[in-house]
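Take a look at this one; I'll ask things after.
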Amino acid sequence: MTARLLTELSAPAIADALGPDSVLVLPTGAIEQHGPHLPVATDLITAQSMAERAVAEFGEELDLWLLPPLAYTKSNEHHWSCGTFWLSAQTLMSVLHDLGSSITKTPARRLAFLNGHGGNSALLQVAARDLRIAYGLRTFTMHPSLPADHGGKSPESELGLGIHGGHEETSLMLHLRPELVDMEQAQRWVPEQLTEYRHVRFGGSVSFGWTSDDFGPDGVIGDASTATAEHGKEKAEAMLTYLGEAFAEVARFDPGPRA
Amino acid sequence: MTARLLTELSAPAIADALGPDSVLVLPTGAIEQHGPHLPVATDLITAQSMAERAVAEFGEELDLWLLPPLAYTKSNEHHWSCGTFWLSAQTLMSVLHDLGSSITKTPARRLAFLNGHGGNSALLQVAARDLRIAYGLRTFTMHPSLPADHGGKSPESELGLGIHGGHEETSLMLHLRPELVDMEQAQRWVPEQLTEYRHVRFGGSVSFGWTSDDFGPDGVIGDASTATAEHGKEKAEAMLTYLGEAFAEVARFDPGPRA
Amino acid sequence: MTARLLTELSAPAIADALGPDSVLVLPTGAIEQHGPHLPVATDLITAQSMAERAVAEFGEELDLWLLPPLAYTKSNEHHWSCGTFWLSAQTLMSVLHDLGSSITKTPARRLAFLNGHGGNSALLQVAARDLRIAYGLRTFTMHPSLPADHGGKSPESELGLGIHGGHEETSLMLHLRPELVDMEQAQRWVPEQLTEYRHVRFGGSVSFGWTSDDFGPDGVIGDASTATAEHGKEKAEAMLTYLGEAFAEVARFDPGPRA
Amino acid sequence: MTARLLTELSAPAIADALGPDSVLVLPTGAIEQHGPHLPVATDLITAQSMAERAVAEFGEELDLWLLPPLAYTKSNEHHWSCGTFWLSAQTLMSVLHDLGSSITKTPARRLAFLNGHGGNSALLQVAARDLRIAYGLRTFTMHPSLPADHGGKSPESELGLGIHGGHEETSLMLHLRPELVDMEQAQRWVPEQLTEYRHVRFGGSVSFGWTSDDFGPDGVIGDASTATAEHGKEKAEAMLTYLGEAFAEVARFDPGPRA
Amino acid sequence: MTARLLTELSAPAIADALGPDSVLVLPTGAIEQHGPHLPVATDLITAQSMAERAVAEFGEELDLWLLPPLAYTKSNEHHWSCGTFWLSAQTLMSVLHDLGSSITKTPARRLAFLNGHGGNSALLQVAARDLRIAYGLRTFTMHPSLPADHGGKSPESELGLGIHGGHEETSLMLHLRPELVDMEQAQRWVPEQLTEYRHVRFGGSVSFGWTSDDFGPDGVIGDASTATAEHGKEKAEAMLTYLGEAFAEVARFDPGPRA
Amino acid sequence: MTARLLTELSAPAIADALGPDSVLVLPTGAIEQHGPHLPVATDLITAQSMAERAVAEFGEELDLWLLPPLAYTKSNEHHWSCGTFWLSAQTLMSVLHDLGSSITKTPARRLAFLNGHGGNSALLQVAARDLRIAYGLRTFTMHPSLPADHGGKSPESELGLGIHGGHEETSLMLHLRPELVDMEQAQRWVPEQLTEYRHVRFGGSVSFGWTSDDFGPDGVIGDASTATAEHGKEKAEAMLTYLGEAFAEVARFDPGPRA
C-alpha cells in the first residue's frame, strides 16, 4: 500500500476520512522526450515519487491524501518527438475541470497540483483559478522543485539555462531511478546563444513561445554530463523539506480577513 | 522496472524498439465507488495488474508494450457517490484522441485498450473507430475478463446480475490486493427485481441508461459475500491465458483480403 | 397520418396525450453506402418502417409515440464512400443531448432509440446513460433486429460475418421496398480472411476499430446473393413480434427495489 | 418512391447521377409549438412538401436532388413550450458542417437549404458562408415563401405581424394537411402593441431577440381565424412557381467575372 | 473622455449609473480588407464613430452607455486576404455569450449591437436571441446604416451591388477619416454579372454563401470612384438622425401585452 | 492617426509594409472592477497607452506595428463584481487562436502580447506556445510593468501585496488619465493576513487560485492612498525605457544555434 493513497480506500471510508481541510494531492507528470539519457516518464516519476514521499512523511500531520497521478499532460513543446504523449490545452483543462467537479462529492475542499513538468505550470494556474470559482475549491499549484525558468537554480555551467534534462533533473533521476538513466549518453546541451538576451529568456520578463527543437536538434536544454546521484540525493532531501513547509501552509491557508 | 513499460525508455530508444506491428497496451481503469468492501481504485488495479502480467508474460513474443494507465475515466453511473472521480464522455474522447495523435510520432500502429471498467466499453468502441480513421491506427478494445453484462459469467446466486463489486470482482481483488478488501462489509446485493425482464437487462437485447443507485442505495450489483481468494486466483490465471490468446490475434490482425 | 406520430399533434395536445410512462420512440437510421444493390437510406428505411409498424400495432396498448427519425447519424466506417452522409461522434452526441433536454418540457420520461444502424449502437449506449443523468429520463437502446456483430444471426454462407448489406438486410429491403433493390448487382462479399481470428471478430470478445473498406474495396460485408423477399417478410414479422415484447418491457421497466 | 430522393439511390448510382452542378436540396423544418390549431411539425411538413413538389416538377430539368429533411432545428424562441424539440446554435451548426463535409465525397457542389422555419434563417446564412469556405460548396438559403419578418406578405388584419401560426401558415396547412388543423381552436392572436414601433419590428431595421411568449401567453403571432384552404392552395401554387424560378437561378448561378 | 463610455466609470459608479432600462451599446466593427483605397479598420471606425456620436447626442436623454468596441469579428468572406483578422462563428458567439453573462452582474438589461459590418449581421441575430434566453437581456441588432444587401441604398452606377468598399462606405470614410482614404486607388468595381439573377442576389430572396474573391480578384464590391466627402457628411447626418429615432425605440421597447 | 496602427493601412499596404521580422503588438487590457477610485478600463488604458507610446517611439527602428487592443479578456478573479466584463479561458484562447491564424495571411511572423492585466499572464503563456506551434509564429508575452506577483515592485506599505488598484497602478493612472481617478475614494486596502505565509503568496513558490473578494469585500489589493501623479510619470518613463529594450530583443530574437 502506498501511504495515504486515497483511492485505496472504499467510498464510505473516503467520506469518513476526509474533511474540508483535507488536502488532495494530484501529481501531474508528463510523458515527453528527455534526451537520449533519460526516460520519457522522467517528469511523471519525479512528481509521483516526491508526492509519495511528502505524503508519507507529512500526510498524517497535515491531512494530506494522494491521488493517482496524471501521467499525460501538456507537453506540446516536445510534440515533434517520438515518445512524447500529450494532451491539448483544452483537453487537459477539461480533465482538471472534471476532477474538480468530482471532488465536490467528497468532503475535501483543498486540491494541490504537485507538478513535475514546467510546461504545465501556466495552464495549472489558469485551472487553479477556474476550479476555485466553478467548484468552490481552494486550489494550489506546487512544484517539488522550481526549474530554472520558474526561479529555480542551476549550476554555473548551464548559464541559467538548465530547464529540461540537465544537471538537476538528471541528478534527481540518478537518485530516484538510476537504472533508467544512461549517463553514457549524457552531454552538455546548453543553447549558449540565448545568453545574448536579457529580457527574452527562460524566466525573464518577456516569456516566449518555444518548442524544444527551436534551440537545436537535441531536445535537451541543460548540462546532463555533470549530474551525480549524490547531488540528486541532496536535492531530493531539500525538496522534501521544502514540501513539508509548503504543505503546512497549504493545509491551513486562509486568505480571508482575520476576525 | 515494470516489464516493457514503454515510458521507462528514452525517446530514441522508443524509436528503435517499436515497429508498425508493435502493440501499445493502454490500461483503462476507473476510480469509482465499489461498495464498502472494495477500494475505489478496484478497476484501475485490475486493469493495470492484468496488463502488467500479460505484457510481462507475452510481451517479448508478441511485441507488446505497456503504457501508463488512464486512472480516471467515464464512471458517471456512480457520479452520485463520494469517491467517484470521472471524466465526461467528451473529455475522455478528447484524451483518447490526443493519445492517438501522439502515437503517430512513434513507429507503432497498433493500440489496444485493456479496459477494466464496463462503463468505458461503449465509449472505447466509439473511440477505437474514430482513432482508426483520424490517425490510421489499428485499434482494439479488450477486457481482461468480460463482465456479466458483456457476455461474461457470474455464479448462480447472482442471477446473471453480478456486474459491479460482486463475486467475480471481489474474488479477483482478494487475490490481487487482499489487504484492500474488507470482507466483513461484503454482502449479497442482488437487484432481484431485474429478473422480471427478459429483454431489458444487463447484456440484453435492449440496453438501458442506468446509474448504480437506480437499483437501491448500496451501489453494488452482485454478491460479494461468496468471494474467495482462491476463485480470484483461478480467475486471474484464466484471464492471463485468455489475454495471451487475444493478444496473439491483436498482434497479427490483418482485416484485408489475402493476396 | 402516421399512427401516433407525436409531431402531428399540437403542443397542447401533446401535453394532454403524454404522461410520465409514455415512451417516445426515436428511430435512428443512417445514410451510408450499402453496396451497389441497396439504397444509401437502407438503415433509415428499416428503422423508420419497423418503428412505424411497431407503434401502429402496440402503441395504443403501451403508450408509445413516434418521433421523426434521425436520418443522418454516425456512419464514419463508410466515410470513404460517396453517398455516406454522417455526423461526428460529438455532433451526434450534441443532437441527442438537445433532444433529451427538449423532452423535459413534455410530461414523458421514457425515450427509446430504435436503432437501424450498428455503427450507432455504442454511441447510443453512451448517450443513453448521459441523458439518464442529465435530464432524468429513462432511456433505452433497441434494435429492430440484432446484426451479427451484436449477437444476431446470419446464414451459414456468411460465416457469421453478415453485418452490412448481406443476406438479412437485403432480404428485409426486398420485403419493405423491393423497388429500391437491384438484385442483379447483389453478390456474395464475405471477408473470409476474418475467420482466422477467434477473439478479434465482429461481436467477439475483442472489438476493433474498422472501416468498411478495410476488408476489401466493395464495402459490403455479407452475402446479398441469397436474399429473398420471403425471408425478408418472415424476418419483419419476427422483428415485429420481438418489438412488441421488448416495448412491453420498456413501457413498464422499473429498476428500483420493490416495496 | 419520392421523386429524385437522392438517398433512395445506391452509392455507385449517386456517383453516376451527380455532377458538379447538381443541386442538393436539404429541407430544414422545425418541431415547435404552433398554437392549439396546428401540429408541432408544421414547418417540417411545409418545407418537406414544397421541396418534394419542387423537385418533382423541376428536378429533371434543373438537376435537383432531394435529401432527407432536418426535422429538428433551431427553435429556441419556443423553448418554453411543451412540444418544441430544438437544437442549439452550436449543435445545428455542427450538423450542417458534417453534412457539408459529407457532400465533398459526392460529385455535387451545390447545396440549397430549403428552409421552412424563420428561426433558422440567420443561422443558415452563417452556415452557408462557412460551408462555402470550409468545403468549397456553392451554398444557398431559400424559403418556400417568405414570412412577414423576411419581407413576405400578410393580410391587413395581421398588421404586418403574421409570422407564426397565422393566416398564411394556417391556410397552407389547410391545403397540405387539413386533417392536422383544428380550425375550432384558431383565433386572432396579433400583438398589436408592436405597432407602436417603426424601427424595432419584425423585419424592421432593428431586429430584436425575442421568444414567442414575450408577446403574450399564446405563442402564436398572427391571425389564424381567417385562414382558408383555398388561400392555401393559391399560396402553394405561387410558392411552387417561385421555387421554379429560384431553383433555375440556383442551378446556374456563377458569381465569377464573365470571360 | 468619450461621452458616457461606461468603462471609464468605476465599478461602484456603474452600479449607481445603470438601471434596468439603460441601454449598453456595443459597437461591432471588423478588421478586413477593403480594397486598396480604404483601411482595413473601416468597419470598426464607422461603427465606433457613429456609436460615439449617437451616445454623445442621445445618451443622456435615452440612458445610453457606450462599451468598448469589438474590433475583431466575423470577416471570413475576406479570409483570403492579407489584412483580414477574423473570428470564427463559434469564437464570436462565445465572446458574445461571455459579454452577455457579464452584463447580468450590472443593473442593465438592454444590450444593443451597433454593427458596422454586414458579415456579422446574421450571427448577431442568432446571438441576440440566444442571449435573450440565456441571460434574460433585451437584445437589439442595429446598423448605423443599412448596406445594400440589407435593404439599404446605393447609387445607380452600382446597380444595387454596392456592399463593400463602394460609394457609400468610401464617402463616409472621406468624411470621418479622410487621411486614411486614398482616392487615387479608388475605382469602380461592380460585378455586373450578378445582375443576371433576380432571386439570387445581395438582399434577394435567395441568399448565397460568398467570399469577396468570388466576384473577381479585387475584393471590393461597389463603385468607390464616385465617392465624396460631402455625400459622406450628409450620410453621417442622416445616420445620426436615424440612430436617434432607433435608439428611442430601443430604450423603451416592450413587447408584452399592454395592461 | 495613431502612429503605426496597422489597421489604418489598406490591405495591399499591409502586405507591403510587413516582413517576417515585423512585430505585431497586441495590447491585452481588461475591463474589471478596480475599486471605487479607478475606472474598470484601467488595464485597457494602461496597456493601450503604453503600447501606443512604445510603438510611436521605437516602432520605426524596430519595425513594430500596433494592433487594436483586446479590451475584454480573462478577469474572472473579479467575476463577482458589477463592471467586470470577462471572457472564459476557452473563449479567450479561441480568440487568440483565430488572430494567430489570421496573421499567417500577412508577411509578419512575430506577435507580442503587451499585457496590462495580471490575470491574463498564465493564459497568454499557454497561448504563446500553442500559437507558436499551430501557426509558426514567434510569440512573446510582455508586460509594460511587472505587477508585484510577477516579480515587480511595490512600496513598503503594501508589504509586497500591491497587485490590484494599489500604489503603482493608481499612480500610473494619475499620470495617464487623472480625470478618471477619484483620490477621495482611495484607501489602503492591504490584506495583511497574507504575510503569515511564506510560500503561498502572490508570486511565491506556491501559487493559489483566488478571487479578489477572497481577501475582503473591497476588491482592491494594495495601497492606493499613497499614489501620486509624479510617481506615475516616473513609472511610465521607466516602463517606456524598459519596453524599448525589451522590444529590441523581441525584434531580433532568434533561439536557434548560431552558424
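Brief remarks follow.
All chains are identified by letter, namely A, B, C, D, E and F, in their written order; residue positions are counted from 1 within each chain.
In this text, contacts are C-beta pairs under 8 Å (C-beta built on N, C-alpha and C of every residue); 3 or more make two chains touch, one makes a residue touch a chain.
Protein names from UniProt, one per chain: A, B, C, D, E, F = Creatinine amidohydrolase.
Fair warning: this is a prediction, and the values are worked out from it, not measured in the lab.
Between subunit B (Creatinine amidohydrolase) and subunit F (Creatinine amidohydrolase), the least number of touching-chain steps is 2.
The rotation relating subunit A (Creatinine amidohydrolase) to subunit E (Creatinine amidohydrolase), fitted on Cα atoms, comes to 120°, given as a multiple of 5. With chains reduced to the mean position of their C-alpha atoms, the one farthest from subunit D (Creatinine amidohydrolase) is A. Centroids built from CA atoms put subunit F (Creatinine amidohydrolase) at 48 Å from subunit D (Creatinine amidohydrolase). Each chain gets one centre point, the mean of its Cα atoms, and the points for subunit C (Creatinine amidohydrolase) and subunit D (Creatinine amidohydrolase) are 28 Å apart. Within subunit B (Creatinine amidohydrolase), contacts with two or more other chains are made by residues 79, 90.
In terms of inter-chain touching, the protein chains here make up one closed cycle, each touching precisely two others. The ring of touching chains, read from subunit B (Creatinine amidohydrolase) in the direction of subunit C (Creatinine amidohydrolase), comes out as B, C, D, E, F, A. Per the touch definition, subunit B (Creatinine amidohydrolase) reaches subunit C (Creatinine amidohydrolase) in the complex via residues 74, 76-77, 79, 89-90, 93, 119, 121-123, 125-133, 137-143, 146, 151, 191, 193-194, 197-200, 205-211, 214-216, 242, 245-246, 249-250, 253-258.
Within the complex, the subunit B (Creatinine amidohydrolase) residues that touch subunit A (Creatinine amidohydrolase) are 1, 5-15, 31, 33-41, 44, 67-69, 71-72, 79-88, 90-91, 94-95, 97-99, 102-103, 105-107, 179-180, 182, 185, 219.
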